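This is the structure I want to talk about, given as structure tokens.
For clarity, chains are labelled A, B, C, D and E in written order, and residue numbers in each chain start from 1.
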Amino acid sequence: MNRSVLFSGNTMLKKIIRRRLKQPGLPPGTMIYTGETVLEKVQLSKLEYDEDRLEFRDLGTIEQAFPFKELPTVTWLNISGLHETAMMEKIGEKRDIHPLILEDILNTDQRPKVEIYDNYIIIILKMLYHNTEKTEIESEQISIVLGENYVITFQEKAGDVLDPVRERIRNPKSLFRKKGADYLAYAIMDVIIDHYFVVLEALGEKIENLEQAVLGEPTQKLAKEIQFMKRELIYLRKSIWPLREVISELLRTESEFMAEDLAPFLKDVYDHTIQVVDTIETFRDMLSGTLDIYLSSVSNRMNEVMKILTIIATIFIPLTFIAGIYGMNFDFMPELHWKWGYPLIWLIMLGIFSGMILFFRRKKWL
Amino acid sequence: MNRSVLFSGNTMLKKIIRRRLKQPGLPPGTMIYTGETVLEKVQLSKLEYDEDRLEFRDLGTIEQAFPFKELPTVTWLNISGLHETAMMEKIGEKRDIHPLILEDILNTDQRPKVEIYDNYIIIILKMLYHNTEKTEIESEQISIVLGENYVITFQEKAGDVLDPVRERIRNPKSLFRKKGADYLAYAIMDVIIDHYFVVLEALGEKIENLEQAVLGEPTQKLAKEIQFMKRELIYLRKSIWPLREVISELLRTESEFMAEDLAPFLKDVYDHTIQVVDTIETFRDMLSGTLDIYLSSVSNRMNEVMKILTIIATIFIPLTFIAGIYGMNFDFMPELHWKWGYPLIWLIMLGIFSGMILFFRRKKWL
Amino acid sequence: MNRSVLFSGNTMLKKIIRRRLKQPGLPPGTMIYTGETVLEKVQLSKLEYDEDRLEFRDLGTIEQAFPFKELPTVTWLNISGLHETAMMEKIGEKRDIHPLILEDILNTDQRPKVEIYDNYIIIILKMLYHNTEKTEIESEQISIVLGENYVITFQEKAGDVLDPVRERIRNPKSLFRKKGADYLAYAIMDVIIDHYFVVLEALGEKIENLEQAVLGEPTQKLAKEIQFMKRELIYLRKSIWPLREVISELLRTESEFMAEDLAPFLKDVYDHTIQVVDTIETFRDMLSGTLDIYLSSVSNRMNEVMKILTIIATIFIPLTFIAGIYGMNFDFMPELHWKWGYPLIWLIMLGIFSGMILFFRRKKWL
Amino acid sequence: MNRSVLFSGNTMLKKIIRRRLKQPGLPPGTMIYTGETVLEKVQLSKLEYDEDRLEFRDLGTIEQAFPFKELPTVTWLNISGLHETAMMEKIGEKRDIHPLILEDILNTDQRPKVEIYDNYIIIILKMLYHNTEKTEIESEQISIVLGENYVITFQEKAGDVLDPVRERIRNPKSLFRKKGADYLAYAIMDVIIDHYFVVLEALGEKIENLEQAVLGEPTQKLAKEIQFMKRELIYLRKSIWPLREVISELLRTESEFMAEDLAPFLKDVYDHTIQVVDTIETFRDMLSGTLDIYLSSVSNRMNEVMKILTIIATIFIPLTFIAGIYGMNFDFMPELHWKWGYPLIWLIMLGIFSGMILFFRRKKWL
Amino acid sequence: MNRSVLFSGNTMLKKIIRRRLKQPGLPPGTMIYTGETVLEKVQLSKLEYDEDRLEFRDLGTIEQAFPFKELPTVTWLNISGLHETAMMEKIGEKRDIHPLILEDILNTDQRPKVEIYDNYIIIILKMLYHNTEKTEIESEQISIVLGENYVITFQEKAGDVLDPVRERIRNPKSLFRKKGADYLAYAIMDVIIDHYFVVLEALGEKIENLEQAVLGEPTQKLAKEIQFMKRELIYLRKSIWPLREVISELLRTESEFMAEDLAPFLKDVYDHTIQVVDTIETFRDMLSGTLDIYLSSVSNRMNEVMKILTIIATIFIPLTFIAGIYGMNFDFMPELHWKWGYPLIWLIMLGIFSGMILFFRRKKWL
């Protein structure tokens, strides 16, 4: 197994266990960012729109973000980069967000979850990318705060997954302009879950290739890659499985920020989530099948090796014994002095040889 | 493993992962047909009947389909071929179908599902065929829209699975003529699920043959075919499993389009669905058993090979050693000059040979 | 594996997949008998009894069966042989039974089920026999129609499982004479489920024998028999598992035909059903254990074979090499001319031999 | 595997399948004792107590048992030995117990269960002993009938498990004297479930020993013992698992014989039951782990055997070939006549030998 | 496997089975401490605080602890060491705690549980430490009694896990000073569960190392360590799994001691618990994967060993046979007297050698 795969294995292990919440004993609500800091500076952008107007601004400081416009304008505040906890505190204060929620947003090892409060709804999801360079799956946590006329999104990095949403908002005829903040929150979830299919497609291709390779020649390297893929799926499943509950809780919730006509859209997202989870399960089954093929190939190879050894040894060991007999130096060995002794011995050996060949034919080894 | 099987493996993988919903980020309700386009032109047919009359027409354009006749006439509009999205939009408009539903109808990788709306019920199912040429299972998505006095069915191809339904409607004494659109929808589901049994029968025969073959001679090819069958079952299960919920939700639903006396019929369909799911589970168990037989056969063969090698080697290696001893050229080897040395050596060897044979007999290897 | 076992394997496969409901597309309620026709003529018998009187008649035609006597007499109509669909239709008409129910009664591949209607209750069960000749489990479907003062039973063959019930009814002091048709239906279910224990006992004995045999000598034939037993259990489970729901639904049902004092009896039957299901699960676990013993025995045997080969080869290959050395024909080999060369070589060989034996002793191979 | 273990295996199989309820077809409520008859005579004892008085009597006949004293006295009637069905009938009559319940009490292969009736509660449990002589687990069924002011217990044998309860009742200051029959029933259950821990401890020690042995040397005998333990656990689980429901149903029941202040005591028993079930599950996991260690040990040993064979064969087969070359009798073999031919050949052989050793070193086989 | 690991295995076995509740038959509520006694003397400390004041005292005797101050002061009584049952009785008496609860507190093999009473809530948890010396996980039971204005904690040893809580209480601006005893109980649970992550991190590192080692060279020792880790996880799971129910029952409970504004805090703890359980499951999957890699490595090694043996044997056995032929001593062997016989034989041998090499190349063994 080459180092790069090992390396990515370790990275994933880290993804699973390292990002601990905080030092045990710190007060609850202590905000510590547990992800990597990839952006030098936190990026803030604010998008305000209603049916007629649209205003987009990159903000220098968090103070510029507030106050939000009144209804019916929808305000979308996007924060990329979570390492400035002071900024988080300010937002929490302005929008009256519980410190424990802020802690959850910063702790990027959360399970996907939704929490319904009186004045806002918090949705925490994973965004998944397929890093084509490192050939592994990367994830980023995105937290969506949905209030009466605003959506605040918290990303770890400045990604481009949400760009299509911005694009569609800019279109004055898009549904966004007629609907409220709830539709914006839905659209963000939708685009994230749609993105899962890209990751699944890449994984599926990998599994397909693995299977082709195993059908070709089963090497130890392949076995390790199958194991590695299995673990990627474990990680994927862990990230996506709770999503079912999240969406179905959203569906059940009767909140004043969620218009009734959002239900078909949420149901659609729910269907996609089920489809993603189903596909992951199918991939697990397929990988198990591939591992089974690998194992049966290995044992078949072994069997073949043993057969060849057995055929050669079983034919030649008795022949060598006969040759050994007439290599003995006894004074009185009459056969040695027969005129046709040597040809006779050859005949006998040929007989044994043919008999053995016939025996193996009958056993269907040849 | 021959190429054709590999090919069909890939095809199935595609069935599982390729048909992605749409490019991530497209607005919800964007209609993109994700199946294959096998028909040059979309085929439209309209069947209108009540207790006394029956009218069947192949339509050239979708405009001819509307308006539907009033109650108590039942109208069945069948659309084969889903690649003309403009037509879909028109139907959606005329019958007031939510764009997300139309998107689901076009996206042929849906899980079976039912959705109950105020003015119609949507049922999405899989039709399964056993393609005898490619020896693999093919599936087609069929969507049924059930309204107050009409049924609209959307198929990917022009198949003949629904022909028996048409035949029975033509019979003026059939139950269809006395019942409403709900009975028509039931009959379509019934004929589709009945068709599953044909597929299961073909699969069962294959499994039976596989088992016979494994009991005969366990080859690597068989192991791969078992894996391939397993995956066919995974795919089948994925297509059929959600059907249980679909039918049981229909049973629970109290919709005005579903007459009360439909319940026994739906219950019957439900029983068949359970039977199909049960049979698939049984097939899985049987395949696992076949794989176990295969593995134990392989390891038994290995054992047999090893035994033969061991018997031959264990008998002849000591004999060859003895022959080697008396092939040595020491000046002073008294045995070599004994008169009965050579016969004696033969006797000793015969003794060892017999002893070994007896030993293996006692070990029950011979 | 001998043919007879293979044959019975096929038969069971047929039990699982062949008896399809009907040609897909036939109208629902089309009555087609899917079982084997073993009786030349359908046998009809009618038993009428109340507290004081009892009347038993074998009937020639179905017309003689009706009308049933009025309350409080209990009428038991038993039909053995289901291939005369005309007769079924007549019964359906007389007792107002839904055509789909009649279809279910004729289709002998039903899952056990109960259906509660206003004027009758339908219970469909499997009767199991252990065919001692073919050494396999056979099943027969029995359908019980329980009405206000009558029970109609439909059997595939004329069996003797129900004889004890008839015997007990004949006893004027039996509970039957004081109770209604519901008690009769209970007694029939009870005797059928009691019969399962006979089948389980036979199976248990087989498993016990298998285990003894595997502990003795693990042959490939045993592995196949274990697989075969496993499949028998799969089939058994499929037949019996749904029974739990059936009985518990009967327990929950508040029907006017089910007297309140029947509850303890049904509860008793329910307990027996649980016990049967438990035993089947235990058998599965035991068979898995037997397979594990088999596999570990095979690998142990292999190990033993390898050890013997290794001991013999490892001892004699070096010795043969030494003999080979002194069989060389070099002109200048001083050892060959030593007086004690030959005895010395024997000593060296003995030393190697002893060393090897000691080595294997220390490795605990000898 | 020695006979004693096989024997006990059979015994357990009998425990699982033999004790069938009755001949199929016997009327329900037919009382047949299905256990072993170990006591010559049924032993009867009666204990009556209230806050101030206590009276204990061994009874000769069942007639002496009745009538019970009135409230507030608690009467405990204990019957050891179930083979006298006439006595059972009498008790049933006196205390108005349903014949099916009596049948259950006599059929000693019941699952643990509780049944709540208007005038009494029936609790059926298993008492477990660890028979140190036969080194296997034995079980005995105990049935507890709890009425308003009495408890009747039915045991198969005269055991001493309940002695501590009697001892505590004798103590005039014990809680018993202040509480009613419900507390007595609880105390009996408590002492029985406490006894399970003794059995579990013995089992745990066995598993520990097995594991130590497997870590030492993996023999076939150990594999069989692991399987045997597994089956003991299957049996244990089957006996104890339903107990959870039993106790939790008692907890839910609002019966007039169960004082409200019994709840904490029942909850305590429930906790112990969960703990027992948990421990059994843990034991199963531990045994699976032990089996895995066994299997990996066996395959490692095999590997080691193969390595030794390969090392010896791979070193000496080429050397023997070289010796064979110079044992040929060609007239013209110049090497044979070289002065340093023989030493040279030794050098070459030494070279090959060293090379091979180095090769195996690099492969880390030596 | 070295002794230390075996030893710790035994210790864990003891953790699982030894600490039995009490001798069967002892009256319920008999207080027997089942843990180890590590402290010579029980340590008592009392902490009383409200918004303005804080008083901490180490107590000599339990009498000094009572009475607690009145509301709104919060009193935290911490008892380290459980072996003085007289002290327990006194506390039980003073605070009116049910004897069965006291028994549970002393029996340190409880499952985590919560019990809600009218005047207090009992929470029993496990504290986990990763003992870096013995490289194993140790656990300690902590019981929390939450009353209206007090918290009593019972620990087995004097640990420092709770120190951060004390530290934070000392801070006059901490949330503790504004909130009641319920917040204190929450904070104690929170710090304990936070500590689980430390243990998980240590375990994760171990698993990572194991995996690296297995990828390097699969030794038998590693297989045993994998098994050992598996069992640690079984134990961990057993200790933590019930915690989910505990916390979710606390969440559901509407007790007067639990302020409404505690819910978000409890929800936070619940999320952490789910995360811990998830991580344990992931670890189990990873360990299984590691075991699979181990097994496939072992069988691959075996395969490689067999290949080398087969290559060497298959090449040299036929060559040795040829050498044996010309070592025979027949009088009439013309080849022996040919001038080019010897070189010819070498050529033939070279041919066979090259053929074999080519054959193995084509088989991709070389």
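Rule of thumb we're sticking to: a contact is a pair of C-beta atoms (placed from the backbone, for glycine too) under 8 Å apart; a residue touches a chain by one contact, two chains touch by 3 or more.
The model shown is predicted, which means the values in this text are computed figures rather than measured ones.
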Report summary line: Touching both subunit A and subunit E we find none
**Report entry** Path length in steps (a step moves to a chain that is touched) from subunit B to subunit D
**Finding:** 2
Query raised in the report: How would you label the subunit A and subunit B contact, same or different, if same means the shared numbers make up over half of all numbers there?
Result: different
Query raised in the report: Centre to centre, by mean C-alpha position, how many angstrom separate subunit A and subunit C?
Result: 43
**Report entry** Centre-of-Cα separation between subunit D and subunit C, whole angstrom
**Finding:** 26
Report task. Give me the residues of subunit D that touch two or more other chains. Result -> 299, 302, 306, 309, 313, 317, 320, 324, 327-329, 333
Query raised in the report: Should the ring be read from subunit A with subunit B in second place, what is the ordered list of chains?
Result: A, B, C, D, E
Query raised in the report: Which residues of subunit E touch subunit D in their complex?
Result: 1, 6, 9-10, 13, 16-18, 20-28, 98, 100-101, 103-104, 109-111, 113, 115, 217, 220, 223-224, 227, 230-231, 234-235, 238, 291, 294-295, 298-299, 301-302, 305-306, 308-309, 312-313, 316-317, 319-320, 323-324, 326-329, 333, 335-337, 339, 341-342, 345
Requested in this report: Within their complex, state which residues of subunit B touch subunit C.
Outcome: 161, 163-165, 167-168, 174-175, 187, 190-191, 194-195, 197-198, 200-201, 204, 207-208, 211-212, 215, 264-265, 267-268, 271-272, 274-275, 278-279, 282, 285-286, 289, 292-293, 296-297, 299-300, 302-303, 306-307, 309-310, 313-314, 317-318, 320-321, 324-325, 327-333, 364-365
